[in-house]
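Structures follow.
In the two assemblies presented below, chain A is common to both, partnered first by chain B and then by chain C.
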Partner chain A sequence: MSGKTQGLIGSRVPKIDAWEKVTGTARYGHDITLPGMLHARILRSAHPHARLLAIDTRAARRVPGVKVVLTGDGVTCANLGLMQDHPPLKSGKVRSIRDEIAAVAATSEEAAEEACRLIKVQYEPLPAVFDPLEAMKRGAPRIHDKVKGNLLSFNYRFSSGDVDSALSRSAHVVEGTYTTRFVTHACMEPCFALASWDPQGRLLLHSTTQIPYLLQGHMAKVLGIPGSAIRIKQPVIGGAFGSKLDTYPYEVITALLAREAGRPVRLLYSREEEFVCSPTRQPMIIKMATGCDADGKLTARRCEVILDNGAYTSWGITTPHIMLLGITSLYRVENVLLTAQSVYTNNPTSGAFRGYGNPQGTFANEQQMEALAHKAGIDPVEFRLLNCNQPHSVTPQKFRITTCALRECIETCRDSIDFKAPKEGLEGVGMASMFHVAGGGRVYKSDGCGVIAKLDDFARLTLMTGATEIGTGSDTAMAMIAAEELGLPVENVSVINNDTDVGPWDVGIHASRTTFIAGNATILAARDIKAQLAPHAAEKLGCTEEELEWFGGAIRVTGDHDRSIPIDKVVRSLHFREQGKMVVGKGFYDPPNEFQARDMTGNVSSTYAFATHACRVRVDPETGRITVLKFVAAHDVGRVINPLGLDGQIEGAIAQGLGMALTEQVRLDQGRMQNTSFLDYKLLMARDMPRDIELHYIETNDPEGPYGAKGVSEAGIIPIPAAIANAVADAIRVRIHDLPLTPERVLEAIKSKP
Partner chain B sequence: MRRRWERGKVFRSVLPHFEYVRPRSVKDAIRILARYRGEAALLAGGTDLVVRMKMDRAAPRAIVDIKRLAPLGGPVKPSGRSAIAIPPLTTLAEIASSALLKRRLPVLPATALLMASPQVRNRATVGGNLANAAPSADMAPPLMALGARVRIHTRGGVKTIPLEQFFTGPGETVLGVTGILGTITVPLLPRGARASYQAYTVREAMDLSIASAAVRVQKKAGKVVSACIVLGAVAPTPLRVPEAEEALTGTRGTAGDIDAAAEAASRASMPITDVRATEGYRRDIVRVVVRRALSEVLS
Partner chain C sequence: MRVEITLTVNGDPYSVHVEPNRTLLDVLRDDLGLTGTNRGCNQGDCGACTVLVDGKAMNACLVLAPDADGAQITTIEGLATGGRLHPIQQAFIDEGAVQCGYCTPGMIMTAAALLAAHPDPTEEQIRNGIEGNLCRCTGYESIVRAVRAAGRKP
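Here is the complex of A and B:
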């Protein structure tokens, strides 16, 4: 089917949920109440590592309004987490200060809180360990009884070629150790769960999860009930960034309280609780060496990573999959040896966060590229161009790169940041690129997503899907794609994606996959509808199916627009007749990518995103404070679906990435967070943004992408800490290997200069 | 070994229970404060108090709302010919937009504009900023440097003291349990005098200072004849540094003189290491903010 298209793809379409969000009518978890609903509160540990000897809940139970008090000994449920090391309610032992010891449901928030305060606990404090290097040492306190040396058995190793000999034969080698800290997502909406059980024993869990169907499965396993007895509904989600990629104790606890009470129970975190108890980005210690030959061609790279897992294991343990991919495959290097080891500590549990380890890895990788270029006496931009990846190549990890505009990204940034321009005072320019999954990421066995499209008698198209919208604009992209396919206005499309009873399977929103995967599934579903309508429309219009054009709410004959029929009329003609038909299209898309083998090879994504960022910074020589004067981002996005949404994604990523680079860190003292407010957890603000931000999109029209698009939502944050570090090194002539680049640390570096 | 019972951590989402009282007069308010014997808190804009209550750092039995007490409110206006009277309930937004202050004491509106956000400035009061007595309170150093005096309402009556004598420690003032802060009177700058406030923050907005400095310097015939230098966030209270003032007085205020004063201020400061900065960094920053403030007024 050909003909004129509406040209929606690439046009600036406001998010379809923008109205309700800006007018305050969007219903977030906090806005939902159910009749008879109780309020939950959780009591957490007073110690980072201790044996739990006794819990006295008698006083709590006497508080008027209290309906249920639960402790770990009072419930039977399975553990959570990939290593199944995480009891929803702890008994016997606590391993971090966020550990859940007891939970209360009461008729008011006040009563629940008061009751929690009255619970008394006897602890036997145990020696604790907060540094992964210490935790690995012989004689370190053991955090999980069965885990020797606090080393997770889930570790990573990738090897290709002979790194040692290649490094020893290299003309130039740089080595360094890079460290990154705990940072947190700081979602605008704190965690929420609302559980209710129907009279037949079926659980309805409202959750802001990113993984509705996996959550359904996890809850079934933990609670010991069939998955069919669980329904997950998602309210509007106020930010996730990876922080809702697991099933968490609070979700299980809320369900347990509701079952026990026989009434709905809602749990809301306070802002402080959100800071202390939600997941974090893995801190890493990255030891890296990179070599090149006399001409500047990369020869080898060795990289050993140690990750602070925190006290329990989240899905974030799979982070090295994605982190290592940037290290092996951003630039061409044949000999690579990578290892990653996660270590238990008594720190907060770390998890998934936008970029999935790649910002940390790129921080090391791109600083080494810059340092190595200087050592080899080659211009760093030329050095990158010399080594950058090419379209249609296969990397040592067996990633099959198809479309690739890395060269163009680098050149675009080079041209617009003007590396040669004169500098005033301590001014510097820096660059960093990134490589990321952009065609799904098969970190689970499934990478699929289903869409059911229903076209009704009034030309309203409803897309039912499991693909979750967490603010990225994926709903809008799906609506645009469906509208474009069927020749409908975007306003005619609804997306219903908040109910496991309604939407078909989706593995979850992660790996920048939703617009790519759900977009492809949407195309399939829309084309299914077209195939159903086309014979009838062609018959009515007296033309062949090939001549049909779908445009402006009608189906018409290409080249003869007077012969036209409204699309809803065709639907009605199928309904209002004997032996009528329903118009429902189905699409299921699972990309042609591979689950990596144990040796970490396999084409994990069906296409890859490339990007380069460059910036000009000024450093205050007296305070060490960094001002970003100009920021340029060039992205190979395949094809722009919605420029408005894409700008938002990249600009948002710049804000978040600059925060990670410059100011954000969870400050821990003995595993306790010290800066639990927006005052001291320093997200950057509008006035801290560079005055001058330039965004460039390079369209490579990926053959696998929906309309040629690649996933982009994580890409924007990945190169930022590295680009800033490179610019700062250029400005002050000292290289800083630790994040964040706080004024204090920068001033120290300036002073350390010989 | 005897084990003891401990409580765990519960995060607060709801304010602790309290009684709400609205006094009819300042005297009435003082009586109420006395009745609660230190377990009542005055409420002005609430932007410090309510935050502290939510973070479990304050749990007053009663909240005494002084927002409608006429003697504590009203416009910013001249007091005699050589001073301006600022009622304690004046909001930071009102300070920032007061035409009188912008004309006569522009350092005060400029300071208010550095603080918090427009929403918070609409509620936060200058009296609350001073009475809260945070070492980092931004209004305190410039008011002190300008030689402000504050009226204090107590059980024994009303008295006026220099703002310099108001602060006694972090979160502590001479007000004690029953005192109420009244009008703040700020002398106009004498001829040849200029003032500046420099606060160093990590972010451009919504941030507390790592260190700050307010200066008021008067020059006659090319020489500094008087100087007042007050530091913020580097001591238990806003800190006047006579060592730095002496270093500057009598000089021509050259770059070298400024450096010497900045160095003296840095040495006299008593910063601590906390989650926002280390002691050493704060000392470095004192040097910077004093130098910048002095450079501005002496240029």
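Here is the complex of A and C:
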């Protein structure tokens, strides 16, 4: 057996699926076809808020090749969403521009499209509301008949100490309102679903979902069939970032069309549809006040957040759980009062996006830290160090911080960016830190993941799991961990993680949890295999089980390497004998974290990640354009599993975070998206990236993490809008409270200077 | 009215009857079953569909099939030769330049054309050279490193 089999953890291991992706053999959704497959299109609303008076589908049905036309009145299915407020096909009323009114399955996409064009819909437009503050006012148009004041019953309040009196006694207080806009994931692969039903009435749904098992449950509920009659398979997924954390109308509609047609049906979004119809990051209005005493110690913080929920409620409604985390617990502050309220509007539905509200919250939090430091006359870096969290502490929300390298992260950035270096023109430096879940996040009743590990007669190890891979490299981390445990080369490990009929439960890929949780489950499964093999290996080698070492595809005696037996030989000796057995290990890991109680306390994650980013920017006084000259990221990652994957996660997050800070925004006019192409929705390109990026990892060896690792994939985006805003404020001496920091906004700020 | 076109794709001759409004991307994916080339926008804005047309990197979604009549096309499936990956493919693997991988085939074809023109490109040449290719996952840094690494190989 060749290949490295030990000391794998911490070494640069290429993604196990990279070869498929560089040769074009990886199969994405649009590459899958089934015999007899039909093509689906969806007709959406022409109005942001209207009554549906009549839908005439007669002409559509006459288009050659059209097999099925469905409207909301013609189907019986339950609603989607956490508040069960979202009918897959609307009837009676539409509440946003993306609302699904009818769907067609036809023998070609063109025929389906033509049929959609021929459907006549009679609307009675209703007054609509697009601003959450307006939507909360008396007399505002009511979006859901049963919801008064458009206020979702999902609201959040956390209180600790006496904020009002602490603020009034503070030596210095800063107050401000910060706003963030709709931002969209813009995955390179547009949404896809492919549904087929077998003659027994079982649904096979191919979907690029991040939540295969929840999807299975949701589909069962919505369609009114048993979950056992549903199988979810995932093709290779072309990006997700939280956008596939819900069950969507298009998945249900595809299944309904296929059932009706008695043939497989595939739906592919166009890019425009992807922009108009996929979920977004919640826009927020964050009103915040923070105080400190004369020595710079934080005394109190008050924060009120209004979230634009859009027309329907996604899983993203739980965002405040995560967003408030940074506001209460990034720095030590005893007196805190927080409220968060989501409001229905006729805008697109908000969903989950990498960082889950934390980038928005941190944008306010870290700008206030900087402003408060200046007000108190203390160096902002020193100010942060003075208030930063310590290892082994408990925060007011009862988060139990175990390992914590926030201090080291801040110091690393301070030393690398050189805050004192002379500046040319409008140059500025800025810093921001972040606090995030890194050991799962219990927002669902299970935060667990299962792994079945099968070791065969040829020393091939197959990991079967529900842990979804969306490009982050979590399956490679699992393969590395299993290989390290069993002394096998990574090349001997396969990961099958795309089929609910095969893999055991996983709650979904979110909250930076997969390498942490699935990694721990992998360790348990691999150790189960070791426990099965060890007695036999010890007997054959004439040693105790404790003396065994797993190395190079063999089991050997520690300190006496000549006494060694290939691992597959032990497997075969167990298998090929009378009353033989198979070697299959099982692992299920559900982290020791807690649901938050109604009062928002509870240790929601079994460990936490910390990071600091700092940057040097230059602002062009003529154009308002911001150039990021240098960017430094320092992360407490627990332990580096795969530096190749880790660099990619942080670098990718930097590009997304800079996009959020500088260029990205969904421009809405009366709830209708205006920028529906990559030309108009500006993602950063290679030449827009800073030329000088430095990454630093601080290893704290978390006791709960697999080999000490913490989750990392969201951490990289969270501090960026705040760090950039702080640097820009340093450069132009005016603080901008609204994202993104477009050239127009920067110029306006420069002009507003007294 | 369908027209007949002939193409050489990855060295193999094909002749297909197509509607004149179909694109090269449609033909590659739907008629020839070469699904390695991805569709990201169908509008010429993302570069996911990049292939080589007579050695030049082009967005296959913008090339009308009849205009490609007689052309030599190389797609991601045709880049490896004799069972060996092209150096740029190997470099993408080694440098971690692949995450979800959806942009990867287009990115690699653009890089291959860049390397053919500039065997050892500078960082700025690379950044400008892949300007038409979007990636939402990597932040481009590993991709730039991969192209540099492939360029330095003899």
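We adopt the following convention: the second predicted complex is superposed on the first by the 749 of 754 C-alpha atoms of A that agree within 3 Å, B and C clash if a C-alpha of one lies under 4 Å from a C-alpha of the other, contacts with A are read in each partner's own complex, and residues count from 1 in each chain.
Note that in this section a contact is a pair of C-beta atoms (placed from the backbone, for glycine too) under 8 Å apart; a residue touches a chain by one contact, two chains touch by 3 or more.
A quick note: this is a predicted structure, and the numbers were derived from the prediction, not measured.
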For A:611 in the superposed arrangement: first (chain B), second (chain C), both or neither? neither
First (chain B), second (chain C), both or neither: which does A:633 touch?
neither
In the superposed arrangement, does A:311 touch chain B (first), chain C (second), both or neither? neither
With the two structures laid over each other on chain A, which partner does A:464 touch: chain B (first), chain C (second), both, or neither? neither
Contact-wise, after the overlay, does A:183 reach chain B, chain C, both or neither (first, second, both, neither)? neither
Which partner chains sit in contact with A:333 here, chain B, chain C, both or neither? Use first/second/both/neither.
neither
Discussion item. Going by the contact rule set out at the top, does A:668 touch chain B (first), chain C (second), both, or neither?
Written reply: neither
Based on the superposed arrangement, let me know which partner A:739 touches: chain B (first), chain C (second), both, or neither? neither
Just chain B (first), just chain C (second), both, or neither: which does A:571 touch? neither
Chain B and chain C footprints on chain A meet at residues 270, 677-679, 685-687
Note: in the complex, chain C contacts chain A through residues 29, 34-43, 45-46, 48, 75-77, 79-80, 85, 89-90, 92-96, 98-105, 108, 123-124, 126-128, 130-131, 133-144
The chain B residues in contact with chain A across the complex are 3-14, 17, 54-55, 200, 202-208, 275-278, 281, 284-285, 287-288
Counting only contacts in the complex, chain A reaches chain B at residues 41-46, 53-54, 56, 97, 101-102, 109-110, 113, 116-117, 119-124, 268-270, 272-273, 276-277, 622-623, 625, 663, 667, 674-675, 677-680, 682, 684-688, 742-744, 747
The residues of chain A that touch chain C in their complex are 12, 14-15, 17-28, 30-31, 185-190, 236-241, 270-271, 470-473, 644-645, 647-648, 651-656, 677-679, 683, 685-687, 689, 691, 693
